[in-house]
Every structure is written in C-alpha cells, then in structure tokens.
Amino acid sequence: MTAAPTTLAVPVPARRAPRQVRWLLRLHRPTVLVWTAFVLLTGAALLWLGGPLTDASAAAWKAYNACDYSPRCAYDQDAILRYKDVYTYTNVAVLVAPFLVAAWAGGALTGREMESGTARLAWTQGVSPARWLASRLTVPALLVAASTGLLALLHRTAWTAADGRVDTAKPWYDYATFYANGTLPVALALAGLAVGALAGLLLRRSLAALAVSVVALGGLWAAVHTALPHLWPSVTRTSDLGTGPAGTGIPTAEGVVTAGGDRVAAPCGSDTTYGCRAELADLDAVGYWRDFHPAAHHWPLHLVASGALLLLAAVLVLVSFRLLRHRTGPAARPAGGERTRTP
Amino acid sequence: MVDYRIDRHSGVATYVQIVQQTKQALRLGLLAPGDKLPTAREVVEATAVNPNTVLKAYRELEREGLVEARRGLGTFVRRSLGAAPADSPLRAELEQWAARAREAGLEREDVAALFTAVLETHYPAPAHPQMQTQAQRHRTRTHHPAPHTTSQGDPS
Amino acid sequence: MTVPAIEADALGKRFGRRAAWALRDCSFRLPAGRVCAVVGPNGAGKSTLLALAAGLLGPTEGTVTVLGTDPATARPEVGFVDQDKPLYPQLTVAETLRMGADLNPGHWDERTAARVVAGGDLDPNRRIRSLSGGQRTRVALALALGKRPALLLLDEPMADLDPLARHELMGVLMGQAAAHGTTIVMSSHVVAELEDTCDHLLLIGGGRVRLAGDTDDLLAAHTRVTAPARTPLDPHTVVESRTTGRQLTALVRPAGPLPGDWRTGAPSLEELVLSYLRNPGAPDQAPPPDTTETAA
C-alpha cells in the first residue's frame, strides 16, 4: 500500500519493509469505521435522491403544472419537499466532508502523535520519520480521494437526474451545488489532509492543530471562492436596454455599454422605470453587458481550482517532510526520504 | 549452584562479594570440582549488577586456580576449598581462643582487629582482594580497563 | 578496535534561535559494550542528549556519531525509551508487542519482549490506557529490547518502578548486556541505583559535559583528602573543599603524588557525582583521551 514514496536510507540487505499500514489502520480503526459509515450513509442518500426521490418529485411537479393553478387539483407536495430536504442534507454532507478530513488530520493523524510522543515511539521502532509521515499521508490520501470522489460523483449523478425535471432543482451555478458537483470536494479534502498533517507537526498539540486545520481549510475555500471567476476566461454577452443584463451562469462583472463603446457600471437594472431610463440616457447607454461563466465552464473551473489546491497540498506535504527532516536531524548520507508525492 | 546475594551497603566491592561467596560455597561443599558456575548472564539477571563485575570476579577466581573458563561452555570449578572443615582440630582451638578473648572482655571489633593483624603477619602478600583497603581496591580495578570484549562471547 | 557506540563532537542543541542552549559544546566518546549512566540535575540536558543520539532531534551545532554512522542511519540498531514512556493507549499489551514485531521485521526478539512483559504479571489483553506507570514502563522496555538493539538509550527508565520491578528489570538489562554486548545508556538523577550497574559515567550539568569516562578511571583519578585547615591544595585540581574547625576535607584530582601527611581515601561514585553537582563551578574533567578505548 505504501507505494514506496521513500526509499530506505540504509542499504540493509533484504530487510522487509515494516508493516506500517496495518497498524495505521488499527490505530485509527474507530475513525475508519465512522468515516465509512458517513460515506455509506451519504452515498445511499444520494442514490435514493437521484432515483426514487427525483422521480416522485418530477411526477409531483408534472401533476402540479398540469393543474394550472386549479385549487382542487391534487399533487404530491410531500415528494417535492422531501426531495428538497434530502438534496440540502446530502449537499451539505458532501461539502462538509473536506472539513472532517482536515479536522481529523490535524487532531489525530499527526498532532496527537506529536503531543503524546508516540511519533517518537514509531521513529525508534524501525520506522524512519520520513516513512512514518509518508504512510500517514499516502494511505489516508488514497482513502479520502476514493471516498470523496465517490460522493461527488453520486452527487453529480443525483443532480443530473433532476435537472430539467424537478422545477426546484438547483441550477448548476448555485454555489453549494457547484462546489459539490465536480472534483473540488476531492481537492479540498486532500488539501485538508495536507493542512492538517502540517498543522499537527508544527503545533504538536492535538486540539490546536484541529482548530487551525479547520480554520485554514475554510480560508483556503474562501480564497478559491474569491478567485473562482478569474480561473477561466469568462464569456461576455451584450443585450439591449429593454431586456436588462443577460446570460445565466456564474457572473463576474456587468454594466452598460455607451454609444462610444465604453463599459461603465450600470446605475440600475433595466430601463423599464422612469428614473432608470433617465439615468441610462445621461450615460448615453446603448445596451447592457455581462461577463459570466456559462454551463460549459463548469469543468474548466473545477479542474483549474482543483489543480491549484492540489499544487498547494503538494507544497504543504513537501514543507512537512522538510520540517520533520529538519527537526529530527538529517542523515549524513543522502537519504531518499525526501521524495514526496502529491496526495 | 551458588546464589549470589549482593549487599550494596556492606562497603565491600561487588566483585569481591562474588569471589567471597563463591569461596564460601566451595568451603561448605555447595560447589565441587567439575561443577559449572552460573553464566554471567544468569548472575546479572538475578543480581542486577554490571556483567563486567561478574567477569572480573570469575577472572579473579580463575587467577587463584579455583575455577577455569572453558571456551563456549562456561566456567567450571577446578578444586574445592576444603582445608579447614568445620570439625577440624584447628577450629576447636580457635573456638577456645575466642571464648577466652570474650572472657577477657574483648569486644567483637577488638577480636576482629586482633585476628586480622595476626593474619597479616602470617599471610603477608595481599593477593586476596578482600584484604585490600578501599584505595588499593580502586587502583586494582583500573588495571582491568577493558573487560568488555569478553562479555560478547559469554555463553548463555 | 571497535567502533564507539556514541561519539559527540562539540554537540549543541537549542530549541529556537533565541532560546537558551539545552546542550552546548558537548564532546565525549562512549566505547561500545559499556553500561553508561547519564547523570545530572533536572533540566541539565540529559533527555536532549539521548534524543540527539536516537536521531529524534537534529543538532543545532556539532556532530554526534552513533555506531559509526549518523543517528538517522543507525536508528534500526538503536532502542530508545522516552521519559514519558509513550505508547498507543488504544492498543492492548499483546497488540503493542505484535506492532513491535511488524515494525521491526527480521530482527524482533519475541522471547525477550514477552519475558519482560510476563515478569509484570500483565494481562496481555489489557489496554495500554488502563496500565499503571510502572506497567507502561515494562511494555516500553519490552518494545525497546525486542528490537534487539546494539545500543539502548533509556531516559529515566526506572522512575516509575517499584523496587522489586526495578531490580528485576535492571537484571534483564544487565542480562542483555552480558548476552549480546549491548551498549546501554541510561539517564537518572538517582546515582545510588546506578553504582552497581554502570561502568561508565557521563555527568551533565548546565548543558555541558562535566565528567566522562569509565567509572573506575574516574574514581581512580579522584581522591578524598583530609588535611589541616588552610593547607594549600594546589597544584591539585580541587572539585570541592570544606573546612570544619581545624580540619579541611576536599575532593581533588591529584596532579601528582599527594603529601604523605594528608589522610586520603577513595570516593564512592555517589560522593564523586554529588561533589560535582554541588559545585557547578568546579573544573570539568576534560574528555579523557583515547586511553579507555585503545585497550578494547
């Protein structure tokens, strides 16, 4: 399982590698069980959502729309509400998963071992610090990537099933929906793992590292959110004054175009009101413009943001190895323990 | 078999205690020629003293010709110390002398000092380590600066 | 000529750029096969020194060589027991030993490990978190000994043990030294308990090495003298001197023959150590030249 991210520093002839993974899983058995339960429950809920719940809700909407506002018409309102609720819960669950990973990585993975001194125990039990850290990053990284990837995939499947059939289904550009619908949960979870591991090593206090990891991951997400509109070239659409700004998706900027071709901020939303019309006339406006990301940008945005997060995670992992090496004293001979991997 | 007991507060060096107790066992017939002494490992596990202390005691016994080390086998008793059995006439004389000393009002320490003084006169060479003073003892110990190499090959 | 177990050269460590030095200018050489006591007051740098030798800390300056190589490379051959005896609390005793076997493939001495634990009458199915301090020490020692190290570094190993367990485990340690020639380094501030077990001494005070060498050599190099008050003691190096009434008692390192009218005696190891500890200003014994080693 530890796909040899490090090479053994000592050229010991034919000494088997320590069986670390088994004990890593044993030490974190309760966490593994809880996490598995979380993934299975959320996954099952998403399957339920994408299948029976979506069908029931779509049927209810069909009935409702056929009623044409007739007061005596019957439709399954519960199905509509149940879909909405379950969608919200599962959506939140998928978005919370990276924070759970960060909290665990900071609190339990490295922080607790540094605090209690069991890391030292491991380092003097035939496991070099670099190998110790490598196993504590690779195994969780694989498990976390697989499970959050599965959740994101199921989320997207469920959302796609409802798209166009359920009237209250969230549009793709709804932020909560957007973040859960692609690779970003995986990238955020892996970044959370890297942040947590480093925080644990740095702070050497379980609780402090837990808190710092969660806050840091929140900060990272906020940064991604701020940068998101600029991660891919946006599309501009112009429209005439009568219709107002047009183009649905993730907006980045909008305003009015003047007769001279300048783009200026819009003083108001449309020329249907008297005051607005006057203001637009003052500006000599001829139409609205809007920069935005259309649905086609969903994947480019996800991939670029995920790539940036993974790059950052890789840097954090590198810093963790460096820190550990600096703390524990380097080997005189160049040991291979420095080669790190992107989780 | 001997069961060494180390008294940390006796003021007698540990290795001397081992030598003395071995000799005591030889005198009392607890050890006979051909018997194997416990290995250094067995002794140190029971007494928690440094292995080199035991090896040093065994070397001392070997030097006195009481035991011999056989490579890879252990340390064996060569001869016993049976010169003064408990019921010898010499002992009876000494008993009588001690009784007279007591009647004369001599304290235990007085008797011991007197006996030691006579012993020194008749057995002058201080080859026996237990007769050495503290200072001499430490000087002697420094003559064995590297008993460690032998500890590697201790059979156990 | 064997490779020394530990060789430190101007070794220094401080935690942070502005912090005080935990250990400074520390030079000594510990020949292989010794049982070495590291003594000194609390906070003297004993734990730091052991952690440096175990490759758990990197030196700030100077070098430390362990078993002829750097500590990181020597780690598979080095056993270490931390002062706090950290263990995974959620594992059982048996699991902890199985982990030791898994983490030290190819050189795990199951019998020794099991024996150390068995001596404590420990139920192997008990969780570590439910053990007393002494029982944890036992398990930690079992892990360190099971690794079959060439060098065993023990930080205050006996602190939590009752006298019986202390005697028994010290016996086990001595047995290891006797059977495998294991070099053992143990720190303690109880000097009396080390007197019979250790043949080498490293006295640390104020972050530096104050005495280093085989105990026999160190004891032979010092003399307790009694002389009339105001007797000049030079050219001998005075470690400690005290005048009571008309009598002066001192512990000196003779620079040559002592005058015949002085009463002299050999100090015990405990006296020697205490004299140095009581007198932080006393001149350090320069690390002995290679005399202790060449004979080996």
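Remarks
Each chain gets a letter, A, B and C, in the order it is written, and its residues are counted from 1.
Everything that follows uses one rule, which is that a contact is a pair of C-beta atoms (placed from the backbone, for glycine too) under 8 Å apart; a residue touches a chain by one contact, two chains touch by 3 or more.
What you see is a predicted model; the values in this text were computed from it and never measured.
Considering the contact criterion stated above, the chains in touch with chain A and with chain B alike are C. The most central chain, judged by the distance from its Cα centroid to the centroid of all protein Cα atoms shown, is C.
Averaged Cα coordinates give chain A a centre that lies 79 Å from the centre of chain B. Averaging C-alpha coordinates per chain places the centre of chain A 52 Å away from that of chain C. Chain B and chain C have Cα centroids separated by 30 Å. Those residues of chain C that touch chain A in the shared complex are 51-52, 54-59, 69-73, 75-76, 78-80, 82, 84, 86-91, 95, 99-100, 102-107, 140, 143-144, 147.
Considering their complex, residues 6, 8, 14, 39-42, 44-54, 134-135, 137-139, 141-142, 144-146, 148-149, 151-152, 154, 156 of chain B touch chain C. Residues 9-10, 12, 15-20, 22-23, 26-27, 116-118, 120-128, 325-333, 335 of chain A are the ones that touch chain C when the two sit in their complex. Taken together, the chain C residues at the contact with chain B in this complex read 2, 31-35, 167-168, 170-175, 177-181, 192, 195-199, 214, 216-217, 219-220, 264-266, 291-292, 295-296.
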